[in-house]
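The same chain A turns up in both complexes below, where it pairs with chain B and then with chain C.
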Partner chain A sequence: MSNLQSLSLDTWRLEPEVVAGAITVRMSGLGDMAVVKPFADFLAGLKDEISSADIQRVEFDVRNVQLLNSSCLKSIFNFAFRIKAEHPSCQMSFLTSASQAWQARALGPIQRMVREQVTISAA
Partner chain B sequence: MPGKRICIGILANSLAGDYQSEVRLAIERAASERDVDVLFVSGQQNAAASSLALVGSAIYSMLGPERVDALIVLSGTLTHYMGVDGLERLCQSYAPLPVCSIGVELPGVPSLLVDNAAGMEVVVRHMLEVHQRRAPAYIGGPLNSDEAELRRVAYLKTLGQAGVSWDPRLLAAGDFSAESGAVAMRELLAHGVAFDVVVAANDYMALGALEVLKQHQLSVPRDVLVAGFDDVSVARFCNPSLTTVRQPLKRLGTLAVDTVLRQVANQRVPNRTAVAVELVRRESCGCGYQLTRTWAPTASDASGRAPALSERLGELSQQIRKVVAVPSDVLQDWPERFLDSLMHELGGEPGRFLQDFEHLLEAAQNEGVALDEFQQVITLLRSELPRTSAADSTAVLERIWHAARLLIGSASVRAQGRRRLDVEAAALHLARSGERLSTALSMPLLRQVLGEELPSMNIMRAAVALHDADLATLKPFFLMVDGREVETHTAGYPTRKLADEAYFTSEQRQSSFLMPLTFEDKQLGILLLSAGANETLYETLRHQIGSALKSAALHREVVQQTAARERVEQESLRQETRMAARLQTTLAPSELRVAGLEISALMEPASESGGDYYDVFPLPDGAFLAMGDVAGHGLAAGIIMVMIQSMVALLARESPAGSPAELLSRLNAALFDNVRHRLQRDEHATLVLMRYFSNGRVVFAGAHEDILVCRADSRRCERIATDGVWVAALPEIESMLVDAEFQLRDGDLVVLFTDGVTEALNVHSSLFGVERLCSLVEQAQDTAVHVIRDRILAAVHAWAPQLHDDVTLLVARYRGSADAEA
Partner chain C sequence: MPSVSRLVLDFCRLALSDNDDGDRYYMAAHELAENVAKYSTGTRVSLDLVMTEQDGVYAMKIHARNETSPEKLRDVAERLSELKRAPDALEFYDRLILETAGAEGISGLGLARIRAEGELEIDYSINGSELTIIAKGPPRRPTAST
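Right, the complex of A and B next:
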């Protein structure tokens, strides 16, 4: 049974769903300074879940995210980098909005730095 | 308006103990009948430390004419702690208040004394003469107790008078506690000297001795007889029940009230009043069993002719009065009325006796009488009356005695049940108050809990006052009158006032407990609680409130310390931020002259510095331009920004021909090592490095916000993405960096910015955004670069009421020649 809990703040919401060895995290709202700490904590829990449940695929659905500031991006990069080090077979993908090009551009450096395991797609 | 009611203070070592409880109840009854207020004052016996210590004894010196008109001192409970001399000095300090001592004779103080010597003599003679014992052992009381010494001397004197020799190895001593009695009993047994009776200087030590005898398989009374002194309530209920000397505690209480009231009225009172004691024979000397056997009616008794009941009323009244200890004047003539009722029953009023007896039992229970003692009355009358009655009355009497015994039994069960319910209710109240008080970690919450819990325990008046730096003054903390919390307006008052006047102002007679509030050995303040609750509550409640006060004070201290630490940390952070902002702004380039470019730039650090960076390094054929943002805030971000600035400055000067990708790769290697290994941090930075050539060619690399180029010909902005990677995130990024380029034409504008611009939020949490920025640039493109810069900045400020990140802007217009462009 998953220990991963949803995170719901005033302007920031994370809803994880574990299905058949994969986790989807639906993200929405503003990733500003107010959410940096809870977001980092959530990603730490997500990493633990990946370790304990042998998760092979994580998808972040960021289509409803209006902002990911540099500190939130840093948290995502740190998460991706740890997954790369500890779970090299786990794939991470980011589903971005085709109408929100900034999402793919903001996440681009992460994809380029963890090229083997991170993909970005738009819908 | 009625005059002020007299208030009598009663001093004892603590609330706990049968002796204290019974005397207090007697005083309470007498005071109630005389419409006098009572203030029962107790210290706190320190169980953890020496039993001689009395924590909070300062409470006794807080009494004075401000609140009491006279004092009754339960001296026997206090000399154990402060000695006779100490108690004498304390009593003298109350002058000119009238004082009465119970139990110990104090010079100059009217004293009510039980006849300790006579009591000890009667119990010892009983053992020697009735039970024919010749090898007695004795457990004496503490050496500093006058009562204990009187009893010890009387014991030895009685043995001498009876011609019984005593072995010094059969003399032991305790401190009046059951535990010390057990220890003394073990000592006596360890000597191996045979004994057939043990007399203890008080009941509790006798009870301790009984337990040890049982453990050694010695039967009481078959092998050894045991007797105590005082007749505490548990003496009746232990197994076997304890033969003892009854102190007339209730009588002492009533006498004490009358003594001080006479003093208050300036009447003379005797300096010394001795009150007789009596032997109570129970099972531990064998008499309990004998009574049952010898008092059974016999055939010859039943058939004999003797004087009528009416002729023996006086004699029988005296006998049954001795059997039952009735405390109050209310039931003073109960034996006469009891026998009168019996005569009416026998004279032809069937049911009269049982009806009256039921009322008597109820009244006796209300007065705290042990109802089982009436069984002995029935036993006695059953033995005596057949000799005085006609034979045909015997059957009637037997039915009456049977019914009377059933009445006593059911009344006893009801009384026990009521007491048990009271105790259970008190335990529940205490459990709840303990839980709530222990979690009331703030003073206001503690007051609220007190205001809610005390009335539910039937404590309708309460005052909690805390000592200031010294014990001479008190600060009111909580005041409740008639079940409602009352606001106090006094900041403090002399300790001898004890509480706000409102506590003591009442048309109803008041009875209260005054106790010290302590935590460990520290005196916190005082607690005043009105009587009315089960008396077992008060002592525990005092502990709970004392602990809660200390916890709340500690919590407040922690909160204050935390707040102070946070203030220091915040100030430190502010200083860091100011330093970081200074670093950023000081290192911003002052000279922006680059061939072919009109440049205007600014950096506006946020309140919490965001680590923004921009720079311009002119070269003979153009310049290096850079802009970046360290992920994170504060001093660390500022320091990393300074590192980036230094490295870019060095590389730009050292390798003017180097490509941006190559320089960034070299910068990254050094920066990664500094940040990750030396600083042990995890910051990274967005950074775009642009090599501008005076012919309008721009080569760039890195990952940062888009580069905006507003074309002079189309008058529209192009967004040129920077598709590299961050610096300081990975040790090696050479393979991930590529140089890209674009061409500027005359009049084109280049705008570099950080996320402080585009991520500025308005009151509706909407982003300023890149589109809005582009639109602004397009609208202002014909104006000077510094005007464009200022308009953007003004727009950002207008958009966002508060900026949480640095805002950095660089606006450059290319003024190149056609030749150069070619």
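Right, the complex of A and C next:
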């Protein structure tokens, strides 16, 4: 039984789904200064879930995200660094929109820095 | 803030023929707007977006102005000076991400992100307690009016 809960704010939504050792998080809306803290808290819970449920794969579907400010990005970077340190076999993938090239550019640093565990694709 | 973001995005997409160019300036304007909101100690703040043209060369300029304390001015001037001097914007951004990893709260990455990811020049000026940060650069593709 997963402890992960959806997060629904005025302009920001996170919908996790846990299926057979993998978690998909569908993200949508504006990742601005109003959502930094709840987003960081969500990622902390996600990291706990990965630890307790032996999750081997996490996918973030960011195709419907319209903005990620640097604080939200930093939370994603820190999440990836923690997974790299504590769960080196867990793969992280980011599904971006082919028509929103900024999404892959914004996430580029983690692909450069956590190369073995992070993939970024566009659809 | 979402309504300001929407206005900025609409302006960028109106002035530019390429949505991806619009997204670059939108990201930069949003980072600067949040900087103004977070660090301002006075009531006079502004964010201006101007599309300029000189001899057929277009450039978008974003000016963010706010008043802040002498301590914050010194701190931001030091960081902006270091950012401007860095020969490789991407390497500087990646190094900053690693150096600040683990620290929650304020990211400290926004200005470096504008230069590295947005591929925009960063400049600044200080007049008394007023700080102006300028992000500028040409669109990658011709504007809608060319």
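Here is the rule we go by: the second predicted complex is superposed on the first by the 123 of 123 C-alpha atoms of A that agree within 3 Å, B and C clash if a C-alpha of one lies under 4 Å from a C-alpha of the other, contacts with A are read in each partner's own complex, and residues count from 1 in each chain.
Methods note: a residue touches a chain if its C-beta (ideal position, glycine included) is under 8 Å from a C-beta of that chain, and two chains touch if they have at least 3 such contacts.
No experiment lies behind these values; they were computed from the predicted model shown.
When the shared chain is aligned, chain B and chain C each come close enough to touch A:Arg112.
Ranked by how many residues of chain A each touches, chain B and chain C are led by C. In the superposed pair of complexes, A:Ala40 makes contact with chain C only, with no contact to chain B. Contacts of A:Gln100 after superposition: chain C is touched, whereas chain B is not reached.
For the contact definition in use here, the residues of chain A common to its chain B contact set and its chain C contact set are 11, 30, 32-33, 67, 69-71, 73-74, 77-78, 81, 102, 105, 108-109, 112-113. Chain B meets chain A in the complex at residues 629, 631-633, 682-684, 686, 703, 706, 721, 723-726, 729-730, 733, 736, 755, 759, 761, 765, 767, 770, 804-805.
By the touch rule above, chain C contacts chain A in their complex via residues 1-2, 5, 19-20, 23-24, 26-27, 30-31, 34, 37-38, 93-94, 97-98, 100-102, 104-107, 109-110, 113, 117.
Residues 10-11, 30, 32-34, 40, 67, 69-71, 73-75, 77-78, 81, 99-102, 105-106, 108-109, 112-113 of chain A touch chain C in their complex. Contact residues on chain A toward chain B in their complex (touch as defined above): 11, 30, 32-33, 66-67, 69-71, 73-74, 77-78, 81, 102, 105, 108-109, 112-113, 115.
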